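One chain, subunit A, appears in both complexes that follow, with subunit B as partner in the first and subunit C in the second.
Showing the complex of A and B:
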């Protein structure tokens, strides 16, 4: 910037020459400079004021446009919960393998009061108390309705009739909120498997339903996951079979005067549990409270005997020792085994139910259920190999079935796997396992020898695990089991046409104080059918069952569990789509004659 | 002779006050202010009965009070607008000192009305918020300092005004009242900008503000939540903002009808901070657009008139007053339409509130006094400069 000098020498000199005051020139130049400065500042301020004005105009225009856009948007439905943690009310259904509903949701209404909206609180209190005499007290309601509180829950769920009755009171301060509840339309039919549910987070307009037990809890995340789009969870259960089995098992339990009963029906190739029962049971729509602490939880109807109950299951274990011995090449079905009793080992004596003479073939050890013979076979196998074999059948860990209760069904193993343990375990004492363990192990033995993992989820096809025994051993084992039914202890189990094979087990119940009861028995029948090509394994267990028809009460499984299982197979085998094989057996009898 | 006998005809030096006022006042702005006040009354009729009902008063209790205080505010506005800028400056300095002292006294004599911030003096029938009165006085004082600083050989106006700003902001933050402090800082910034702040400095300040914002966002959880809440498209419908948004959407273009609105029953601040939501619900975007138009006319027209102003003090003070008035309205409405993060701020002249109304009247009166038409020496420019 070129500044004009305040005292330009030429003009000053000229002024001096003319005799004028040179100070005037300086003053004039100062004034000019100040004016120029002021003009510059004013122009700058003008520009900036213009910018400000434009900014304000733009901002106001933005607000106006935004207001217009907002007003043009349809108002969103008032949402229930705060953003971020909305209550997810959708819970997927649970169905059986054929798509029949096991658990679903039903919209009911909850009842709450907002006293500040009330017109006649006194009358509302009186009439509500009259409607729900068991739950509501007029005095207390009146206190609430005339008090300071703005919001009171009165009832979580109401039937449509109750809702109409409350509606008819005509009180604007009594309000209803939708409330999805979980409904189990089959009642107690699959109670233990489904478990139950309850409300978790509650809001006026919704409540979160979460599983409390069984499949509902195990699949809680999955069922509530909005990403699944509400697709139902298909279980492996077949409700028709479950219903028939429950009827038979319940009848059998009453006939045999048993304290409880359990049954597991498993597909031997997939491990799918087609039916699983534990009696006594309960209604998951009205789940009973757990027993007070101090009581034995296994006495509660909530206790799932098939999964949680671990018992010494008795002679049903013998087939494992025999199968392993055959697999190891130690014996074949015709090898003669020493059965001279009693077998004395240290201070233990092992006896048989009867005296079977000095020797029996391996097949007859199974057919006649000789403890001594099995103990000898187990001694040949040895503790290590027996332990490994039982572990490979799944007896050392809880089952991995998809229920929250599964980990509590932990098998009880001997603290030290000694030689006497080896012997007793071979005939099912000294190792406690659940009926579900037994079903999985039998499936493994009879399905050709591949490991089966029990599951409650419908499977697409055979789930062949690792091979445990050869197909030959498997076949031989099934033949022996078939012989048990045709010739041995399970003769009541021979259901015509379905070639039932199986093994009985009658184990004395251990006393809580130590030792065993003489007159209390866990009677088990582990069966498979049809023997020519095993498809299903059925385990039936009766707790303290006894047949009192004869002069002496008969408690062995052959008299208690086997007839119940036979009646059950008679009912369910046709439901499972199995054809009775009556004709082929006649042909089979004829063919050798023609040769 | 006649004069000698009967005495001279009384001669007026200059004009009569009222005609000159009427000739020079910005009639558009003044009409807009009257209209705004009318709209405020209309909305008060809609928004305040729920509050009156809650407090067990006559339904139109607050409307009557609004009329009373509004009348006072209009009177104050008219009186102040008749003053010359110099008179305004003198009174503002006095007022500034008084309000400053009352701000200092607040911690001892003030009440917080249970809201957690001591901002009010309570006088039985009414309460006064000194910071409302402080704002216009502060703007004028700062404008005076800045304009004096522009004179050759003047005092260091920028530094002085910055010191005053910091003092006032410190007092306000102590209450705490961050909204008013932000307004004060903003007003000073605007005046500094107009007084000729270097562009580089402004850019540097903007950069600092951005950096500070990022720093606050990453370090302060509270601040970050506010911003996240603002940025997220989902809005919690149970907050005041949620209700406000819903009300705007319910209203649509022509509103749900007079007295049919629901939002005023659920919003505790329906008659003050969220009155625009009540307007949008009952009268629709039509009335809201009208309100926005009124504010923008007041602000933009005042700024345009000030562009012609040659006196630096008048220019600065007018710009500061217009901006502080405009930005307050802008923040209030910007929050309601979720363009800005939530911050409680009243809508000048529309929201209910006695002391804020009168302070608003004072502010607008000063603004009108600054924007009055005055001889600006254009003729002199033309004659003198051309001559040379």
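Showing the complex of A and C:
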């Protein structure tokens, strides 16, 4: 570039001629140069500031726009991450202990109409009414389809055949939405345990299925929890055993003309309920409506006699008094007990079924089922200790089984645990409990003496609960129960090979108006097998059963509940894989073929 | 020298951009394929659950009991009984001298042979 000289010769000479100071010219030129320099630098600085400002603006604008986008778009899962395990069904299956399905889901279709999309509403109404003559009325459908409404539900569930038939109508205003339906493939097999389910919130694309009773409701949260990944809920039930038990119990109930029956089969160490039945039952796929209020709920097939039904169970309670007395060291199996009758206490008289003479040994009090003898033992124990012992066996609270009905099976205790209550409770009157309570208490007595809580969920091992009675007492109690079967009131219960031990109980049913019926009996057989090493407890209860084979109807448990229980054990024990303690018959054994 | 460096970096940037875009497209294609497979899996799971439900329905104990009864002549099925338990020493084991399964043996006897020209068996 051409620099302007500070002292241009022409101007200097001219200034000299004019007698001016040439230094002024140089100074002026220096000033001009400095000004130009300053302007240039300012321009550059301004430019830099601008670029920097633009950078900051771009950065903040990027952040701002990104935040705006994030705030406004629908949240979506990252595509790649969601490609793994997917949940297909919204409600997990329920299986038995061997993984066989008790409850599952089936995708069906629901039918809805959008009249504003319809081409021939009249024809659609006519043909739909022809397809579903029971539930759709042509006049009403026509009214809907030609009216103002934009959306109408027509049917909740349809089979594929019905769907095809509706499809064939060819009406674009009839639309299908997917519906997941709860299916109980085994019908009434475990109806009371499973309970039932229904639709809650409904939408075109899906409907919420919620449990309404039983395990379905108790585990509602768990079954619907997506975090479980659709893993099925394994119950402790064994479907084969449940099925065989239902068949035998149903047959026994009909044979004994009973109004109802209940059975509980429990593992004495793990507390797992292998089978639990209450007859009559129902089909959970088509759950009946509950009875209108005011009626007796126990009349409904929905009523679970094994869990909700609290009854005075009678003499099956005697073993608790005897076991406690042995545990406290008050008696041993051979101690003689006064059985002179009747035992009078105030205005009450306690009688025995027969007169057993002046005394019986403790063992024979159980074997012969003497009310008077048990009452004497209970008086030695005392009300407080008896109450504490029965509480430790679980008789004062509802069972903790995982069913929503469990809290309704609350035992009925005497309002005041007086001395006469102590005596009557010792032989099973004055305290009402459910068959499930009894199963848990018997498990505790026979399993070596540790507390068992009944459960419907498959367990990994024994419960090893707190110790209630010593192993010695437990052993002595089982021996007495075994004697009841071999020489006492439950002689029909002796299933050869399975060493059944148990105690019968026949309690008159209380009238709703007070007092007791003379001819209506709750007959119970509480049994355990095999007696040499008890593994299972089976409780069978028949409601108003009677054996009419003889000349007089016989209602005591020894004639009604015991044969039914024996038939059940005969059938169930091999299914449970219990080896009988007898020689197998020669014809059934494998023999070398004679080739 | 400096000019060459500029050209080389520009070419490198272009090559890297090309590679990055290609990877991007490949990833998107994989994601699409993956989601298709997931949809298939979902559909198959749905089918599977229906089949399982059907299997459970067809194998319900009451139906099996009815079938066993209906086909009693042919199958003779009865409930398991306690007499069917046996001890291991009651099982007939093969005699000690017998050859194990899969051992080669000599065949003694007449072997039927195919006749030539599609004729009948001799």
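Miscellaneous remarks
One rule holds for everything that comes next: the second predicted complex is superposed on the first by the 493 of 595 C-alpha atoms of A that agree within 3 Å, B and C clash if a C-alpha of one lies under 4 Å from a C-alpha of the other, contacts with A are read in each partner's own complex, and residues count from 1 in each chain.
As a convention for this text, contacts are C-beta pairs under 8 Å (C-beta built on N, C-alpha and C of every residue); 3 or more make two chains touch, one makes a residue touch a chain.
In this text the structure is predicted, and so the values were computed from the model without any measurement.
By the touch criterion stated above, A:164 is placed in contact with neither subunit B nor subunit C. By the touch criterion defined above, A:101 lies against subunit C but remains apart from subunit B after alignment on the C-alpha atoms of chain A.
Of the two partner chains, subunit C is the only one that A:186 touches; subunit B does not reach it. In the superposition on chain A, A:491 contacts neither subunit B nor subunit C. After overlaying the two complexes on the shared chain, residue contacts for A:573 are found with subunit C alone; subunit B is out of touch. In the superposition on chain A, contact of A:548 is made with neither subunit B nor subunit C.
Legend: residue contacts after superposition of the two complexes on their common chain; A:146 is shown touching neither subunit B nor subunit C.
Once the two complexes are overlaid on the shared chain, A:66 sits against subunit B while remaining clear of subunit C. By the document's definition of touching, neither partner reaches A:332: not subunit B, not subunit C. Residues 79, 82-83 of subunit A touch subunit B in one complex and subunit C in the other. Residues 150, 152, 190, 193-196, 232, 234-238, 245-246, 248-253, 280, 284-285, 288-289, 292-293, 295-296, 299-300, 303-304, 306-307, 310, 312, 315, 319, 323, 326, 330, 333-334, 337-339 of subunit B touch subunit A in their complex. The residues of subunit C lying in touch with subunit A in their complex are 31, 34-35, 37-38, 41-42, 45-46, 49-50, 52-53, 55-57, 59-62, 65, 79-87, 90-92. Of all the residues in subunit A, the ones that touch subunit B in their complex are 34, 37-38, 41-42, 44-46, 48-50, 52-53, 56-57, 59-64, 66-68, 70-76, 78-79, 82-84.
On the side of subunit A, the complex with subunit C involves touching residues 79-80, 82-83, 86, 88-89, 100-101, 104-107, 183, 185-187, 189, 239-240, 243-244, 247, 496-498, 570-571, 573-575, 579-580, 582, 584-585, 588-593.
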